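Each of the next two complexes has chain A plus one more chain, namely chain B in the first and chain C in the second.
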Partner chain A sequence: MNITKNIVIILLSLITILSNKLSAQGIEQILSKGEVHGNFQLDMQYYKEDSLIGAQAVPEDVLMNGFANFIYTNGNFEAGVRYESYLNTMLGFPVKYKGNGIGYRYASFTNKEMKITVGNYYEQFGNGLIFRSYEERGLGYDNAMDGIRINYKITEGLHVKGIIGKQRYYFETGEGIVRGIDGELMINDFFGGSLAESKTRLTLGGSFISKYEADQSSQYNLPENVGAYAGRFILQRGKIRFDGEYAKKINDPSADNYFIYKEGEAFYIQSSYSTKGFGLTLSAKGVDNMSFRSERNASLTDLQINYLPALTKQHAYNLLATLYPYATQPNGEIAFQGELVYKFKKETILGGKYGTSLLINYSTVYNIDSTKIVGNDSLRQGYTTKIFSIGDEKYFDEINVEITKKFSPKLKGIFTYSNLMFNQAVVQGKTPQDHPDIYANIGVIDLTYKLSKKHAIRTELQGLFTKQDKQDWATFLIEYTYSPHWFVAVMDQYNYGNKKSEERIHYYFGAVGYVNGTNRIQLGYGRQRAGIFCVGGVCRNVPASNGVTLSITSSF
Partner chain B sequence: MKKIQLLLILSITLISFAFIPQSDNRTIPSANIKNLDGGDVNTTELQNNGKPMIISFWATWCSPCKRELNNIAELYDDWVEETGVKLVAISIDDARNAGKVAPYVNGKGWEYEVYIDTNQDFKRALNVNNVPHTFLVNGKGEIVWQHNSYSEGDEYELYKQVKKLLEAK
Partner chain C sequence: MKKLIYILFITTILFSVSCDKIDNPIPKNTVNVDGINWDDSLYIESNPAMRKILVEEFTGHLCTYCPDGSREIERLDSILSGQLISMSIHAGSFALVPANGAGFDANGDFIMDFTTDFRVLPAGETYYTTFGVASNPAATVSRLNNANITGLAQWEIDINAIKNDVPKVSIGLSTLYDDSTRTVKAIVNSKWLATETGNHNLQLYLVEDNVVDWQLDNSIYVQFYNHRHVFRSTLNGTWGTPIPSSNLGDTNTQEFAIILPANWSKENCIVVAHIYKSAPNYEVLQAEELHIIP
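So, the complex of A and B:
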């Protein structure tokens, strides 16, 4: 609540200063430089019972999530607020969002080389391996900080950020206090001279984060302050780039790691080479015991301090994105990924008249080599491990090939083939006995046909073939767009190959939408499959549902 | 306490509204983004020497965004020649995909100026709900037109707005 007071005091004193020092005309002049902008989103669903897919009716009939942001800026001053409304929370969202409230409010000002923010803010250090506060409104994910942040540009090429605060926990904040500092040194800009012009550019960064949470356990002697630190570099020369980050966390017993005192560590390295028409990226990542939250007993996506990106391709096509999506295993994994983008030039055999684009992605994830400590483990280390050593259990594997081809001014297509392996027992926490690894082949044909400049039809035909889980699926989508205002889409997802004939269900969905500038209204009707729903790299379990949905977004 | 807080914020907002001349000439707000070399760039430095500029928010995992930027890429040379317009593509990819942005952009042969808004500060400052979201900025750095989402053919509407901007001069 102190933070709230701080904001109010700052705002009030600002107004007082303005009104004391300046004439009415002066005030008007200053305020006339101010701007207010905002955005709004509303999602509403009417739920119908559907025993076939196991969808429940809700007692309220209709559920709604909505929010609006307002940001006021005037010169170097800025303040913003987000009003959020959950009446009541839609199915699949964390149920702790309930009712109305101010989920986010802040004020900040920039004074020469320094920027001060009080209230809520989102920030990250490096890749986020030890700190990232982030929002993904579509999934109800929000671990905004509530406290104070200072961004300080000490000199050209040397930037420092300092943060302190508590993390957002629905309409409250968590118990733990998170504080930290991050410095970034851009060698070329810092030393200047001939280095400033050099083709080789080097950036170094280092960060430290510490969290405090009181020890109220009678069973263990828990560390109240847990520190984590990380170092990183980016080395670039022309078309070649190499970057890496290494992070370490001291003992942090929590519900996630079953209260062991082992230290955690992580690394993330990437290298890439690209030139016009050709791009190659290779990356590797290792994670060991790196779950990091500001409350030891928090679960799901609550109160996460850090971010451990999944090193797999992020999919957009429905069957690929929703059936078997991979999520990082914070207790331990090692992953590799390679991606190649290549453009066959126009007027070549493979390029044809318009050129052809090829994208190949390969990713694979294993457990890390670890040995459980049996017998005397008085230090509660749990296991011993070698972070750079690959274990013998595979979690995920995928090869994905995507070809984009234009056939004529009217017709173009994207063709995708994917072959994947998915360890559902580990990734989705199921029992290994009756949940074997899934091996699937997936094909997608995405065709766009332009009827005229403004009218177009797009179709997607997707097939997923597997002997495991629920066997074969097909998806058909047809979308008609009338630029720039209208669209209509109809989709059917059919589990036609299910061994249990009574579970060969059609998940049909229809939607119509209107767009005008930043206003967008969409009305839909149909069935939604139960499963993991991923947007922007965050995944969430959604229940099966059937009903009418309304979505409105706007900004000004 | 919460109510007082809300009341204060709302009243300040309303007071400010009263003083604001209601026009559309919003300028580009300040936020820090990264260029493809990993260097810091402040968004107020984005400009095109007095000519129109398109700012387009996208992500490597967003298929309508990629359709939009790939379609514009085919027309881009003509657009630049005819109007001097520049397209600035802002990727909101996070650490999972940020490293793949430059190889993707080069691999596709895009000629755009590309930046990464990993922390989504610029996206928030411009009140973008979802990607794709496209802004048109005039020669004075004022946002004169914007559009959310992409349908096949939307690029013609965008270009119409670019040309309208030049005629208005």
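So, the complex of A and C:
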């Protein structure tokens, strides 16, 4: 309620100031330039008990998550609010989201080379290794900053950002204060002259973040101010691009690292080459003790200051995306990824009449090679490691091949094959004795057939084959679209190969949707399997559920 | 360029004031918690790769074969080097103080004195009856198989079955001691290393080691018998206190205090903390112990 009160006071103050300075006509003229934009989303589910899949009914019968953004812009001024409603929070989302409130509000203005933002803001320094404030509504993740941000263009080619604030913690803010500065120097623009015209372009960046949290521990002398810094570059010449970042964090004992005082470090490096019909990207990442939160005892996805992306392929097909998704291990991992995209030209053997696209992705993740300090460890370093040396325990490995082919003006297909290895004991925190590594083969056939200009039918046939975990799965989906307004889809995910015959369960789901401009309404019914839902290497557990779902989105 | 110099200057200041490099993680002086300057504070955090094993042995000063059980536990402790936490619960008929506990011979010399009551009421007797102790030596190893009570030949087998388990929960245990009031305070932080279903409790005990008193040992009345790890009291009730949730990453902090009676040696007092599955399972998932003073 305080937030709402503050907004009203700010708006009233602004109106008072404007009224004293300007005539009624002037105010009208200014207001006429203003624009309001916004969007809305509502997700609702009626839950019913389904003992077969372990789904529970809820006392409220129906749970709902909803929000609406309203953004007002007028010249150099911008302000916005997001109203959020959780009545009560849907299963699988953090239960601390409960009730109604203003989850996000801000105002900003730009004055020549400077932009000032007060209130909430999202921001990122470099690749996010030491600072990224963002939201991912599908995960219930939101670590928006609440404070002040200044973006300052010192001169052509030299930009600086300064931030200070607290992080969002559901409808409150965390205890810690986060402050930092980031500078980016675009060498070509800064020095100008012949360099400005050069085909080789170089950008250098540096950032520093520090968090403050009081030491109230009787067990340890805890650092109240924990700093992290990073340096980065982007080098580009024509079709070749090379970029990288290195980050280091000083002693940051926390619940995540079992209160050790070892310094943390991380790197991310990527090179890419792309030309018409061909693209190649190679990347590597190393992380050692880089969990960084504004409260030492925070857990799960709460109050994370930095972002450590998963260097694995992000999947859309449900068996690939939801059964064994990889989540970044902030205490230590080394990852490599390569991706090749090639388009076979039309009228060739492999290209056929319409051309064929081929995508090959390989990613692999290992632990870091470390040695635990046994005996006297008065400095509480926990372990030693050589800089980013690869350990002998594999966390994840996948080769993925995707072929996209158009057979005729009416028929298009996407064919995917994936072979993966998944260390469930480490990634999902299970006991290794009874949770061995999973080796799986996955195939997906995705066909779209245009019946006519307005009518299309799409089918997905997916199969996952493994001897471990719950053995073999299949998914079948059929989706009928009547453009531009209607679609209907039916899906069944079936654990047909489960060794336990009583667990060979059908997870069926049906949905019908109506789309009109920016309005979209979808009604669904069916089962949701318990599992893990991930976006960009950040994951949350989703419990099993059964019931009717309603989803409405709109924007203006 | 002036602007750049100005910004670099601010950045340098920010760098220098916003990093606290700690060279002495463990405080050496007294600590102030809740307005009290505690004389001593200790802390231990469980090794995330080691499941500690709690052996709760049921004994009595008039149990003639119980010392065999105690010696077996000491042997196992020497093999497991730091992985075993043991506790002797004096309960049942062998732990009673007999009416003729203090005996004299014809010359008026002491021949035996079993007047010390080691029992903890009602907790010790509740464990004794709930777990169903039928004969001695008797113990339960991390309360496996619904706190199954077994004889000493089974203990090593049970220990070997679980000693390489990866712990599902970690325990951080702090003890604070104020000598002016003889108050012991224990703070326990738990963190789940895996998601566990069902309900779980945190249990805190106070144990006193090396209590010298009479004991019947293989039909011999021993006057200066060294009683190891004597269960003295619970800090949070007979069955402990619930841990609200047990999903991967969940943390919980609880703290409890107890005042030491004058006849308990502060140097020998130990706080034992363990997390177990609620009844009827009872299995102890992780345990830690820590002295109250260095």
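Methods note: the second predicted complex is superposed on the first by the 538 of 556 C-alpha atoms of A that agree within 3 Å, B and C clash if a C-alpha of one lies under 4 Å from a C-alpha of the other, contacts with A are read in each partner's own complex, and residues count from 1 in each chain.
Following the convention adopted for this analysis, a contact is a pair of C-beta atoms (placed from the backbone, for glycine too) under 8 Å apart; a residue touches a chain by one contact, two chains touch by 3 or more.
All values reported here derive from a predicted model rather than from experimental measurement.
Aligning the shared chain A places chain B and chain C next to each other free of steric conflict.
Contacts of A:F208 after superposition on the shared chain: chain C is touched, whereas chain B is not. With both structures placed on the common chain, the touch criterion links A:K500 to neither chain B nor chain C. Once chain A of one complex is fitted onto chain A of the other, the partner contacts of A:L280 are limited to chain B, with no touch recorded for chain C. In the superposed pair of complexes, A:G227 makes contact with chain C only, with no contact to chain B.
Of the two partner chains, chain C is the only one that A:L379 touches; chain B does not reach it. Shared-chain residue A:V160: touches chain C; no touch with chain B.
After superposition on the shared chain, chain A has more residues touched by B, the comparison being chain B against chain C. Of the two partner chains, neither chain B nor chain C is touched by A:K199.
Once the two complexes are laid over each other on the shared chain, residue contacts for A:A255 go to chain C alone; chain B is not touched.
Taking every C-alpha of chain B against every C-alpha of chain C after the fit on chain A, the minimum distance is 20 Å. No residue of chain A contacts both chain B in one complex and chain C in the other. Contact residues of chain B toward chain A in the complex are 1-2, 4-6, 8-9, 12-13, 15-17, 19-21, 26-27, 29-30, 37-40, 59-63, 67, 70, 92, 94-97, 99-100, 102-109, 118-121, 124-130, 133, 145-149, 151-154, 156-157.
Contact residues of chain C toward chain A in the complex are 3-4, 7, 10-11, 14-15, 17-27, 31-33, 38, 41, 43, 45, 48-49, 165-166, 168, 170, 172, 174, 176, 187, 189, 191, 193-195, 247-251, 253.
Every residue of chain A that touches chain C in the complex is listed here, in rising order: 152, 154-155, 158, 160, 179, 181, 183, 208, 210, 212, 218-227, 229, 250-251, 253, 255, 258-259, 261, 297, 299-300, 372, 378-380, 425, 428-433, 541.
Of all residues in chain A, those touching chain B in their complex are 1, 4, 7-8, 11-12, 15, 27-28, 31-32, 34-41, 69-74, 79, 81, 83, 101-102, 105, 110, 122-124, 127-128, 132, 134-135, 138, 159, 186, 189, 201, 203, 234, 236, 239, 241, 243, 268, 270, 272-281, 283, 307, 309-311, 314-317, 339-343, 357, 359, 404, 448, 450, 453-456, 458, 481-484, 487, 515, 517-520, 536-537, 553-556.
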